[in-house]
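Here chain A shows up in two complexes: once beside chain B, once beside chain C.
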Partner chain A sequence: MKRNLILAAVIAGSFTGSAMAQTELSLWYHGAGSANAEEALVNQLVEEFNASQSDWKVVIETFPQLAYNDAVGAAALAGNLPDILDVDGPIMPNWAWANYMQPLGIDEAKLEGYLPGTIGRWNGDVYSVGLWDAAVALTTRKSTLDKYGIRVPTLDEPWSLDEFNGALEKIAASGDFEYPLDLGMAWKGEWYPYAFSPLLQSFGGDIIDRSTYKTAEGALNGDEALAFGEWWQSLFENKFAPGTSQDAADRDNGLLEGKYALSWNGNWAALPVVEAFGDDALFLPAPDFGNGSKIGAASWQFGISANSEHPEGARAFIEFALQDRWFSAFSDGTGLIPVTASAAAGTKNYNPGGPLEVFYDLSKAQALVRPVTPGYIVQAKVFEKALADIANGADVADTLDAAVDEINEDIERNSGYGH
Partner chain B sequence: MASKLTRSNRAGWLMALPGTTLIAAFIILPFFLAFAFSLTNQRLASPNPTEYVGLENYRELLGLAFFTLEPERDDAGVVVRDKDGDIKYPRLRKFTRNNPDFPALQGKREWFSWQSGDNRQVVLASDVVFMKALVNTFTFVFVVAPVQAGLALALALLINQKLKGISLFRAIYFMPVVVSIVVVSLLWQFIYSPGDGLLNNILSGITFGLFEPRDWLGNPSTALGSIMAMSIWQGVGFHMVIWLSGLQTISPTLYEAAEIEGASKRQAFRYVTWPGLRNTAVLILIVITMQAFALFAQIDVMTQGGPLDSTQVLVFQAVERGYGKQDISGGSTISVLLFLIVLGISLLQRWLTRERT
Partner chain C sequence: MAVVSADNRGLRLGARYAVLVLVAVIFVFPLLFMAMSSLKPDQQLLSDTDSLRAFLPVGDISLNNYFAAFERAPIGVFVFNSVLVTGITVILALFVCSLAAFAFVFLDWSGRGFIFSVLLATLIIPYESIFIPLLLMASQLPWIGTGGFEIGWLNTYRVQIIPFVADGLSIFLFVQYFKDLPRELIEASRVEGASWWFVYRKVVLPLSGPVIATAAILKFLFMYNQYLWPLMVVQAEEIRPVMVGLGYFTDQLNVPWGEVMAYLTIITVPVLAFYLSLQRAFIASVASTGVKG
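Let's look at the complex of A and B:
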C-alpha cells in the first residue's frame, strides 16, 4: 500500500513536473459549500503547505457538515480514515477513545498563549488543535439599555441573576418588544449544550460530575441544577423568551428587526449586528448566576487519525497551519476568533479597538469546554431534550432526574468510557 | 409453481441474481443483524468488545411497574391539602431513586396516573419515552389509515369521471406525492408557524379575528394532530391513484346492468363498486398501515419528537438511539419490536379481509 502510494505520488509528480517525489497525505474537511471564506482558506492553506516543502502533498476532500461525522464513522469501521482529520472539539474525546485518532505529538510549548478552547486534550495528551475559536455573548443595543435605565455590565462586573431578571421584567413590561430575550431555541442540536450548559455551570451545576466523569448525580439534579431549571422554566412561563417552536428566521433577524431586545448569540452572527447598529451594538458577557460568568468554548480542530501511515507528515501540516498569519486570515475571512493575542492584533475585527475585540476577551476570560468525555455525544442529546422539555413546562426535578438516569446508564453500559 | 422453479431455468435465475444479491445484502442481512444486535450491547463506535446481554434491551424498553401513592398525612392521620384543597402527595422520586425498600421502582418514571379515593394509582415505565412513542405511533396509524384511505377513495370517485380538464385535477391531487417529504415538512412548518403563520392568518381571516393564533407544533395537544393532517395531505394522492386503477378495472357493463335494474347511485356504489374494489381495499389498507408505522421524516424535520414527547414515534426513536446516541443495540431492539408489531397487524388484517368461501 505504502509503496503503491509512493509510486502513485512519483507518477503524479512526474506528470506535474515537480522535481521531488512528495508522499500524499489525505485530509478530510467538514465545510463543503460553507457560506463564508473558510473552505477557500483551508484550500489555500493546503496549497501553500504543498508548495512550502517537498516531502508531503496534502490532498483535501471536503464533505457537507451534516454528513461529515457519519462519513468518519463509516471510514473508521472500514479502516479507511484519512491521515488528517477535521474534528469538532467536544466530539474529539469520543473519536480518541474509539481509536479513530492518535495524539498530535506536537511540543506543547508551541501551544502557549493559545485560547483554552482551541486545544483538545484527552487522557493527558493533546489530540487536536484549532485555528480559531467561537464565543457567545448577549447581543443588544446601548440605546435599548439606556432607554430602560439598565446598567451596562462589564467583564469584571457582569449582571447578577436579580439584575438580569429585573432587566427582562422591565423590558417585557414596556411591551416594546415581542420578547425581551432571544435564546436561539430554534437552533436544535449542539447549540443547546454549547450555549446553555455554561448557564447551568454559572448556577453551580454541570452536565456531569467532572471530577470523575462517572456520574451526573448531584451535578445535573442537585440543588444548583434545580435552581437553574426553575429559572429556565420561568423564562418561558413569563414570556421572556420564545420557546422551542421559535421561527428560525426570527432567530436570525429578530434582533435586527426589533422583535427582541437581547439575543444570546455567537460571534459568527456579530458582524451583521455591527453593520446594522454601528457603535450602538453591545456584546455583553453572560450574567453571573453565582459561580462566575461562563460561556462555551471549542470549535472545529485538526487532528491525526489513528491509522495514518505518515503521522510525521500530518504533524508537519498541522504545525505549518499553527501560525499567526493563518489565525488572522481565518478570522478575517470568517469572523471567528483568532487563537492568539498576537494574531488578534493583526485582524480587522479583533485588534485593540476593533468591533469584535470583546469576544477575544470573553473567550479568554470565561470560556469553559464542554465535558471532556467520550460520552459527551449522548450527554449532549440528553441535556438538549431535558432543556427543551423544561422549557415546554415539564416538571423540573423529574426531568433532570430522568436525564441523570439516562446519562449514568449510558456510562455504565460503556464501562465508564475509559475514565 | 414449484415445478417451474425447479425445472432447468438457468437464464431466469441468472437474471434474478443482481436484484436478489442486492436485496440480500441490504435488506435481508441487516434484518437478521438487527435481531442479533438487539441481544447484545453493540455500539456504533466503541473500543469495548460487544457482549451478549440476553433480553436486557427488551426489559429496559418494556419494563412496567404499578404503584399506589398514598397522600401525605399529618400527625393526626389527616390527609394534608394545599391551599387550593388539592391533596398533597410525596414526590415519586423519593421511591424511584435509590430507595432500597422499593427495588422494583428503581430508575422507573411515571407514565400516567389516575385518582382513586385519596390515593393516586401510578403506572411507571422503565422507558417512558419509548412507551409514549408506542402510543403515538398507534394513534397515528389508527387515525391516518382509515382517514387517508377514505379521502383517497372520495377523490378517486370524484376524478373517475369523463369531464373536461379532469387530468388537471388528477395532476393537482397527485402533486404532493411527487414532492420530497422533507420539502413538504419544511413548507408545512411555515404554514403551522406560530403567530403570523399561514394557517393562523387564514383562520383568523375567515373568523373575522375571532380565532386566537395557535402554536400548532409547539403545543403538545395539537402537535401530533398537525403532523397527521399534513401527512394525510401528502400521501392521499398516491392512494387515490391506486383506488382509481381499481375503479377502472370494474367493467362498465356492470354499471349499465345496474342502471337497467333501476339501481340508485348509492346502490350502484354499494353493490357494484365496493365489491369490485375489494382487493384494492386490502392492498391500500396494508400499505397505508405499513407506511404510517414508518413515520419518520416529518417528525425529524418538524418537531424532533417534542414538545414534551407528544410526537415521539418508534422509527424516530430507533434512529435517534442508534445513530444519535450511538446505541445500535437499543435502536435495533426498537426495530425488532416494530417489525413484530407490523407483522402482527398485517397478519390480522389478512385474516380479517380473507376470502370467505
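Let's look at the complex of A and C:
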C-alpha cells in the first residue's frame, strides 16, 4: 500500500512537473549599459510575463547597442537567432527581407489607434511593433519669440519657409546668441536621416523614390531636393547654425545656457528644458517648407525571428507587452512617447495638459517613417555623408548626384531589394 | 682637440636624450590623457582638450566616472573573461607554436619546406576575411563536455580560445629564433641519447626566453584586443570580453566620455602589467631578432 502511494505520488509529481514546465524563449535586447530605466522595465516586463502564464519562459540577453546589429547578423548566419528580436524600426525591412524575421501574425485590429511609427510593416505584413515612439520639435522659449516679434506657430499653422528664415535672420541680427538655431550636428549616425530627412521631405524631395523604391533619381537630386540642399547649406554659410564641428556639450546644453535660440531636438531631451524654463518652454512643430510639416518616426520594436521554433510563444510575449499599462510605464520611465492616446492619458508627461503632451500630437500629426526598404541601411549612411558634405561647403548638385549614384548602385547590386 | 671632442660627445648625448624624451612624451601622453580625462566631468573633459589642461589633474576632479562605469557595465566580469581567454590562449599558443617550430627546424621530414611556405602564406590573409567561414564552422563543430555530446561551439569560452591557439606569425618567430641556436648543443644532446622531447624541453626552451616573451606579448595584445570575433560568436554577457564591453558606453546619440576613459583606464591595467613583467625579455628579443610589436 505504502509502495503504491509513493508510486502514485511520483507519477502525479511527474505529471504536475510536465504541466508546469515552461518552454524557454530567448529574447535579445539592444540596451545593455544604456544607464536609463528602459532596461529595467524590459526586465520587469519579462518577469511579469513569465509569472503570468505557465507555458513560456522568456530569457533575456542584453547587448550593447553599438554591437547589437552586427551580433544579430552573425547569429542569422550561424543559425542561432533568438525567438524574439529587438529591432530598430527603419532597420526592420532589411531584416525581414534578409529572412531574419517572420511576420508577427498578430490580429491587426489590436493595433488600431497606435501611433503610425510604432507599427513596422514590410510587404503588407506587420513584422514588428513598438512600445513607444519618439518625436522631434523646435525647442525654444516663448519670451525669445516675443522679444523678436516672431509668431508662435501651431500644428495647424506652422511656420512657412519664409517665416522660418525670417525668424532666423531676426535672431541672428540681434547678436544675442552664438547661433539662432541648433540642429544637433554634433550627433552623428542615425540622427541625420531621422532628424533631417523629414526637412527634405517637407521640401518635396526624399531619400528615395517611394513609389518604386528602385531609384533615388529625382527624389534626392530633383528640383525640390536641390532647393533643400541650397537652403541647408545657407544655414551654415549664414552662421544660422553650428556645423559638423559643433561641440557635443553645446548640443546638450547650448539652449539652456543661452547659446542658441532654437534647438531641433527630441522629446527625450525635453524635460530638462521644462524644468529650466517652466511655462516659458515651447515645443514647436516642424516648419512647412511646401509639402507639409514632417518629422521622423519609428523607434525600437519587438519582432519574431525567422527561425524561432516557438513563434506562438514569442507572439504571446509581444501581445502581453501591448498593453496601455506597459506603454505608460515605459513612457514614465524613459520619457518616450506612449503608443496610444489612452496610455498617454495615464502618463505623467503626456496626459492632457502634461508638459510633453505636444509631442504626442506632433507624432500623430507629422510623423513620417523613414523609407521602408531593406536598402535603407545604406541609404541612411549615404544621406548622412551628403548632408555633412553640403554643410561643409560641397557643391549641392554634385553631392546629391553622387549620393543618388551610390544609392542606385547599391539597389542594383542587391537586385532591387525585393521591390 | 680633446676638449672639442668632449663637447661634441655632450652635444650628441643631449640631442639623443632630447629625441628620446620627445618620443617618450608622444607615447605617454595618450595614456596620460586617458587617465586624467577619466577623472573629469564630460563638459570639462571636452573643453580641456584644446589646452595642456587635458593632461593635468586640474579642475573638478573625482572618481565619479569610475563609480558610474561600474554601475553601467559588469566590468569585473569582462576583465576576468578577457584575462582568462587571453591567458589560456597565450599558454596554449606558446606550447603548440614552439613545438611546431621545433619540428620545422630540428626534425628532418619530407615536405617541411613546402608546408612552412604555406604557413608563411597565411600571414598575408587578414583574420577578418576568414571570420565568416570560421563562424559557420564553429556553429557546427562537435564537442563532448560536462553536458555530454553537443553540436556547436557558439557562446562558449572555447570558441574564443581554440581557433587562435596556432598561428603562422608565432611559429615563424620561433622558427627564426630556433635557427640561430647553436646546432652543436642539439647534436650533442642527441649523441648523449636525449629524446627529441627532452631536447625541446631541456635544451631549446630554456634558451628561448626572448622569443617566448615576444610571442607571448604579441599574442596577448591580439587576444586582449579581440572585438569582431567575440562579438559574432558570444551572446551571453557572462562570457563577454572587454572590447565588446566598450559598447556599453555608447548609445545612439550620446557618448559619456568620462566613463569611456575610466573604462579604458581600467582595462589597460592588465595589458600594462603583462607588458612590464616581460619588458626585459621583450627588449632582448627585439635587439636580437629585430621583431617588435
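The criterion applied here is as follows: the second predicted complex is superposed on the first by the 400 of 419 C-alpha atoms of A that agree within 3 Å, B and C clash if a C-alpha of one lies under 4 Å from a C-alpha of the other, contacts with A are read in each partner's own complex, and residues count from 1 in each chain.
Assume contacts are C-beta pairs under 8 Å (C-beta built on N, C-alpha and C of every residue); 3 or more make two chains touch, one makes a residue touch a chain.
Worth saying up front: this structure is predicted, and the values here are computed from it rather than measured.
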Overlay on chain A: chain C relative to chain B, clash or fit: clash
A:94 in the overlay: touching chain B, chain C, both, or neither? Say first, second, both or neither. first
Quick one: classify A:53 as touching chain B (first), chain C (second), both or neither. neither
Partner chain(s) touched by A:323 [first = chain B, second = chain C, both, neither]: neither
Have a look at where A:44 lands relative to chain B and chain C in the superposition and call it first, second, both or neither. neither
After superposition on the shared chain, which partner residues are touched by A:394: those of chain B (first), chain C (second), both, or neither? first
Applying the touch criterion given at the start, work out whether A:102 contacts chain B, chain C, both or neither, answering first, second, both or neither. neither
Could you tell me if A:247 is touching chain B, chain C, both of them or neither one (first, second, both, neither)? both
First (chain B), second (chain C), both or neither: which does A:215 touch? neither
With the two structures fitted on A, what stretch of chain B runs into chain C, 80-88, 134-142, 152-160 or 224-232? 152-160
Residue by residue on chain A, keep only those touching chain B in one complex and chain C in the other, then list them. 70, 77, 247
Footprint of chain C on chain A - complex, ascending: 28, 31-35, 61-67, 70-71, 74-75, 77-80, 187, 189-191, 247-249, 252-253
For chain A, which residues count as touching chain B in their complex? 70, 73, 76-77, 94-95, 97-100, 188, 243-245, 247, 377-378, 381, 385, 388-389, 392-394, 397-398, 401-402, 405, 409-410, 413-415, 418
Touching residues (chain side chain C, partner chain A) in the complex: 42-43, 46-47, 68, 71-73, 132, 135-136, 138-139, 152, 154-155, 228, 231-233, 235-237, 244-256
Residue ranges of chain B in contact with chain A within the complex: 41, 43-48, 91-93, 96-97, 107, 109-110, 128, 193-195, 215, 217-218, 220, 304-309, 320, 323-327
